[in-house]
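Sharing a structure with you now.
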Amino acid sequence: MPAAQPAPLTLGPPATQAAPRTIVDIRNLTLTYQAADHPVYALSDVSLSISKGDFISLIGPSGCGKTTLMRVVADLEQPTSGEVTVNGMTPEQARLKRAYGYVFQAPALYPWRSVERNVTLPLEIMGLPKAERQARAREQLELVGLAGFERKFPWQLSGGMQQRVSIARALAFNPDLLLMDEPFGALDEITRDHLNLQLTRLWLSTRKTCIFVTHSIAEAVFLSTRIVVMSPRPGRILDVIDCDLPRERRLDIRESPEFQRIAHRVREGLMEGHSYDD
Amino acid sequence: MTTKGSLPVAVMALAVLVLWYSGAVWLNAPMAADALNRAGQSWTAADLIRATLAMKRPILPTPDQVALDLYNSLTGHPVTSIRNLLYHTGVTAGAALAGFGMGVVLGVALAAGIVQARTLESSLLPWVIASQTVPILAIAPMIVVILGNIGFTGLLPKAIIAMYLCFFPITIGMVKGLRSADPLTLDLMRTYSAGTAQTFRLLRLPASLPYLFTSLKIAVAASVVGAIVAELPTGGQAGLGARLLSGSYYGQTVQIWSALVMAALLSVTLVGAVGLAERALLPGGRGGAR
Amino acid sequence: ADPLTLQLKWVTQAQFAGYYVAAAKGFYKDAGLDVTIKAGGPDINPTQVIAAGGADVIVDWMPSALASREKGVPLVNIAQMFQKSGMMLTCRKDANIKDPKDFKGKTLGVWFSGNEYPFLSWMSKLGYSTSGSNPDVKVLKQGFNVDPLLQKQAACISTMTYNEYWQLIEAGIKADELTVFKYQDQGVATLEDGLYATEKALSDPRTVEKLAKFVKASAKGWEYAAKNQEEAVKIVLENDTTGAQTEEHQTTMMQEVAKLIDGGAKGTGYLDTADFNRTVDILMSGASAPVISRKPEGAYSHAVFDAAAKL
Amino acid sequence: MSPSTNSRPNTARPDMAPWPLVMLAAPLLPFAVRDGGALFVAQLPAASILFAVTVAAILARRLPGSALGEALLLLAGVAAAYAAPLVLLNQGHGVAQAGGLWVYVAGATLLLWRVLALLAEVSGPARLAGPALFGLALVMLWEILTRGFQVPAILLPPPSAVLAAFAAHAADLWDDFRQTVLISVLRGYLIGCGAGFLVAILADRVPFLARGLLPLGNLASAVPVVGIAPIMVMWFGFDWQSKAAVIVVMTFFPMLINTLAGLRSAERIQLDLMRSYGAGYWRTLAMLRLPCALPFLFNGLKINSTLALIGAIVAEFFGTPVVGMGFRISTQVARMNLDVVWATIAVAALTGSLLYGALALAERRVTAWHPSLRKR
Amino acid sequence: MPAAQPAPLTLGPPATQAAPRTIVDIRNLTLTYQAADHPVYALSDVSLSISKGDFISLIGPSGCGKTTLMRVVADLEQPTSGEVTVNGMTPEQARLKRAYGYVFQAPALYPWRSVERNVTLPLEIMGLPKAERQARAREQLELVGLAGFERKFPWQLSGGMQQRVSIARALAFNPDLLLMDEPFGALDEITRDHLNLQLTRLWLSTRKTCIFVTHSIAEAVFLSTRIVVMSPRPGRILDVIDCDLPRERRLDIRESPEFQRIAHRVREGLMEGHSYDD
């Protein structure tokens, strides 16, 4: 994995270790989906503030509003009430400045573009020259283990491979704020561990701010600086757990008691919301 | 094509009216000038404009002339009278709708056959296409004559010609639509060992609906054209086509335009009805995966 | 009553007043016939209708009837209602046309659809070419109406004495602004509206008798229409299902048509052999592509007319 | 046919449906009529040979190793059947009342279906033989029926007469083709489709325009061609301009509707992706919505290719200089030269089919990713 | 969770504990996807035999051919060479007898059908009466925790909820052979544990044969009677691990040393194929 890639667009001066700046500020966010039969209360009074360089994991039961929350931050959904600012701007302004790299829960690849041209899509939009686009695409495809599949079309890939293309696409873009919705959900443990490591390295070297949705408690603890545990629908924040493990992490950290302690607390939080009596 | 707020429509309509009047002045001016010259007196520009807007046989009648003619025709006679344009519109609409109904059945059946049987696709589809390149106006009289001789007159020959014109967009659109189902959902049907008919009814058909409605809108407009085309060779009978013909034959431009306006209104109404059906049948915004 | 179907050449108008009058006044019924009149139109070819068995008698013009005969449809003229030709070429005076000599280099509107034969004969008689890359006269396929003249797209157009000419007048053009060339006066007149049946029908004496009744009743209708023009126009208008015909125009048409039926040597509807021979000569004189290549045999028969006279 | 989406090598040929065997009843009925007397197959040497060929082909159909072989063998049987009435007619027999002959021909037509089914399974260039054979069979049946039942040539001429007219009037037909297709249709089609496409994009971009213009645009384009054609001739004169104008009006609406539907067919998640990149309207259009719309665009282009041809020909009915396919058809119908009429119609149909085929090929190349073309 | 549902179609006499019958027999299966650029070798010489009542988990790196293998068994893909029999029949015959319930890797819901009508779809095809269809759908939706969402449309659901609808759809069908491709991939741990338990109960009470793809080693060990570990592309079988834990399993079995031993062996097998040098 190469060191920091050229960042063509930044949201402000490079952050220093000393003064954490608030990048995303969510205040009393509520979102209700209106539907034909009855409305769905997806988010209820959510407040959260994310600093520059933070790696935030969202964890919570299926259907609790994690995706919805990310969509609001990325200006893809309008809140019913409450306020969101991204680096002091509205989400829309931030979006127009190309601050976001979003990995959707589904791969969302374009069927008429080959794997490589799917990855270069955001780069084309940014207007990068062709040679650089291809170089970046190859680099990222290599990273996710898909070298040799550049010329294939999405329907010729397995589910996990499609998801990796979509990860490569977001990384190639090199955004300031990385939003990832269960990016590693369809991957086997080994590939997942590998990509987890790559992601921490990338994050350490570029100091990106990440918001990350996962269902794996271990993954959340391993990657994050803070873990946000959400309640079942209507999504509220149950707990925000600081993950004060050393920033430089290796896989064997998962055996450490500190790791286990945090994981346990996350699990407790999750159980709280559920009501299965198995 | 939502019509929220009538302001845009009003603004555009106004623009069109202005254009129409200036077009009328411009196109009619030469003949009006001729007429004024013939009258022998001297005339001014204002005289000329006034003359262009009130000609008996204008090249382009003014909107108010058309509107007046429509008003007279629609209100001056009972609806069942042959002098009422609504009666002729009804005659044409009947033939168009009958043809449209037959066209939908034929078009969908052909598409279904083409999608299900490869024999049909490779051998029939090219000829379906070729059939549409046969100029309908050339064979419409033959159809009318031949059907007339075996005793079918009135609605049926017209409906058949309307059908001939409107089944094609439906077939083409439906072939595309019936094949547009996601391969994974087709696999799902396969694991259920769903029969051909079931796969068709439960998957292919619903997946094709967006294509179907797009085609239906084109087809219903085509069926009106077909009905009118069929009314031309038999010029003497009723219907908007007969009005167009006699208007054209006797140089009654205003009458042509009234018939045209009615034909356009009929088409738009039918297309609108298809649009309503579409809205009722297709649940709003299909979002797809998130 | 004996059923019989008559196919007209054109839409319902005073051109066919005699038949409508005969039907409305019960002349057909009195003769023991149940007559259905089918209106025609620009794309209805009466020959096709009769060949396919959709009519027993048709109204057609002789050039196209003789052409069909050569194409294998054995049409036979059983009566000639119009004794004279109503066709003319009408020109704008301001296009500087005073004489057929002036046609050279001009654009002339012509009806095709079988009605161009007399025109082509005339032009070849005048020695003008009408086709090729640089023709002497430019021919325009004239549509249904008189617009080409009104809009100066053509110097002359084809008109009928009883119809299009009056449309020009109604459009505001004065008669003295127009020059007309009647085919009748130019010696190129061909026979127009006549009644035709098939050879097969004439081979059966019973059908001949039926046709005779029809011809007689039709002639009576025409004579009545010529005498009572106002009533005839009313009957025509009643039969117009498009509701588009105007009384004014049909009245003029009736007046003009009445002039054309007059003058049958043995009464209304009698085909004069001399007229027939003149028509054949004109059609065969076409320079490059004559309309008919052989002298027609048995293309007319007086049998029906004679039988009608005896009824 | 299995309803499968996956094509599988189909080595086992499915059994033949028994319907073509109705022709075995043919010898019981008369095969021809001569001087009022009915003749049976055994009395007609030529017919009995042909009949034997067909029956032998059916019996031996399992012998060839491949589907293509069986198709060719059965085809020989069909050809024999179609030749029979023509041979009998040439020998001076009447066939209109010959029930046996018609049963034979009907059975052979069912047999042809089997041939087509076999050819559809075959891969390679032999597949293209299917539509050609189907067309050829239609033409043969037309010839047999018109001549067998002595349909008057002024109603429907046999194809052989059309072919003769084709040769005799080749120069005229070429002039008409140039005037109508190369001049009027091409220009009108390009302008009409282009305008429909651009207005759709404009309407998509400027909602105000869309709301104002679309209802009026729909109204205007709903006016039937036959009504527009005389007016266009009045306004634009007798030459190609009026024909092109008619085509523009005719093709505008289908293109508009298809483009709009296509632009709306992008999925929400795909649009969201573009949004997250901060991609502007035009970029989203070029990179997402237009590619998504391609299947719809081709739908419009294909429908319009046939409409344009019809439009030009119809418009030529209402006034032309003395050349053009519409002119030829309208004048020759009245002169009862139906053979020339059908030759012109054949030119039109051929042109339209080629145009359509070219578009279909282009579609196959450009939208190979679409599920409807992807996997079959 | 109710006990065994009525089974309208069975593949043979009810299995007895004593004589395990081979249900799926795969011999020397090879599959190559032909593509425009170069062919993809998805499966290479795979042999496997599955007995009645087995619960087989397939585990292997992303893109190794797990989905492909299941598709061959379900007669959705034709092998390039090799043979597959299902209960002595060809896969096609078995399919025509409606032997399969398949949960795809993607939800594959019909956007024009409500949640409930998506679940009743296979029942409609089988021709069940309406009342029974609805009853079954409600029961299964309840099971996957989606009661109350019957009237919603797929696009109104979160990713995990969509996947649960697809599970409910396969279960409602009550097939003899259940093929599940990463069914719980998009679910949080608690919901996943809950559904794991439900699935073992269902399996115990009905003795269905299951083929299951998962990326979670713990899940595989918890659910299976045998675990098949596959190599990276071209997929071969690296190891078949018998999972001889007691049939009746509770969640706390995961702490037992026997469980850990098996899990370790699976992980070893998986690592073998990979080549990351983190």
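In order of appearance the chains are A, B, C, D and E, and numbering begins at 1 in each one.
Assume a contact is a pair of C-beta atoms (placed from the backbone, for glycine too) under 8 Å apart; a residue touches a chain by one contact, two chains touch by 3 or more.
Note that the structure is predicted; figures quoted are calculated from it, not measured.
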| item | value |
| --- | --- |
| Two chains joined by the most C-beta pairs in contact, as defined above | B-D |
| Chain whose mean Cα position lies farthest from chain E | C |
| Most widely separated chain from chain A, with each centre as the mean of CA atoms | C |
| Centre distance in Å when chain C and chain E are each reduced to the mean of their C-alpha atoms | 84 |
| Gap in Å, rounded to a whole number, between the CA centres of chain D and chain C | 39 |
| Geometric centre distance via CA averages, chain E-chain D, whole Å | 48 |
| Separation of chain A from chain C, taking each centre as the mean of its C-alpha atoms, in whole Å | 86 |
| Junction residues of chain C - those touching two or more other chains | 43, 45, 48, 52, 143-144, 147, 151 |
| Overlap residues in chain D, where contacts from two or more other chains coincide | 155, 230, 234, 267-270, 272, 330, 333, 370, 374 |
| Per-residue overlap in chain E, given as positions that touch at least 2 other chains | 76, 106, 155-156, 158-159 |
| Footprint of chain E on chain B - complex, ascending | 182, 184-185, 187-195, 198, 202-203, 206-207, 209, 282-283, 285-290 |
| Residue ranges of chain D touching chain B (in the complex, touch as defined) | 1, 3-5, 113, 116-117, 119-121, 127, 130-131, 133-135, 138, 155-156, 208-216, 218-228, 230-231, 234-235, 253-254, 257-258, 260-261, 265, 267-270, 272, 295-296, 299, 302-303, 306, 309-310, 313-314, 317, 325-326, 329-330, 333, 341, 345, 348-353, 356-357, 370-375 |
| Contact set on chain D toward chain A in their complex | 267, 269-270, 272-279, 283, 287-288, 291, 294, 367, 369-370, 374 |
| Residues of chain E that touch chain B when the two form their complex | 71, 74-76, 95-98, 100-102, 104, 106-108, 110-113, 121-122, 124-126, 153, 155-156, 158-159, 162, 173, 179 |
| Contact set on chain B toward chain C in their complex | 30-31, 35, 38, 56-57, 59, 81-84, 87-88, 137, 140-142, 144-146, 148-149, 232-238, 242-243, 245-252, 255 |
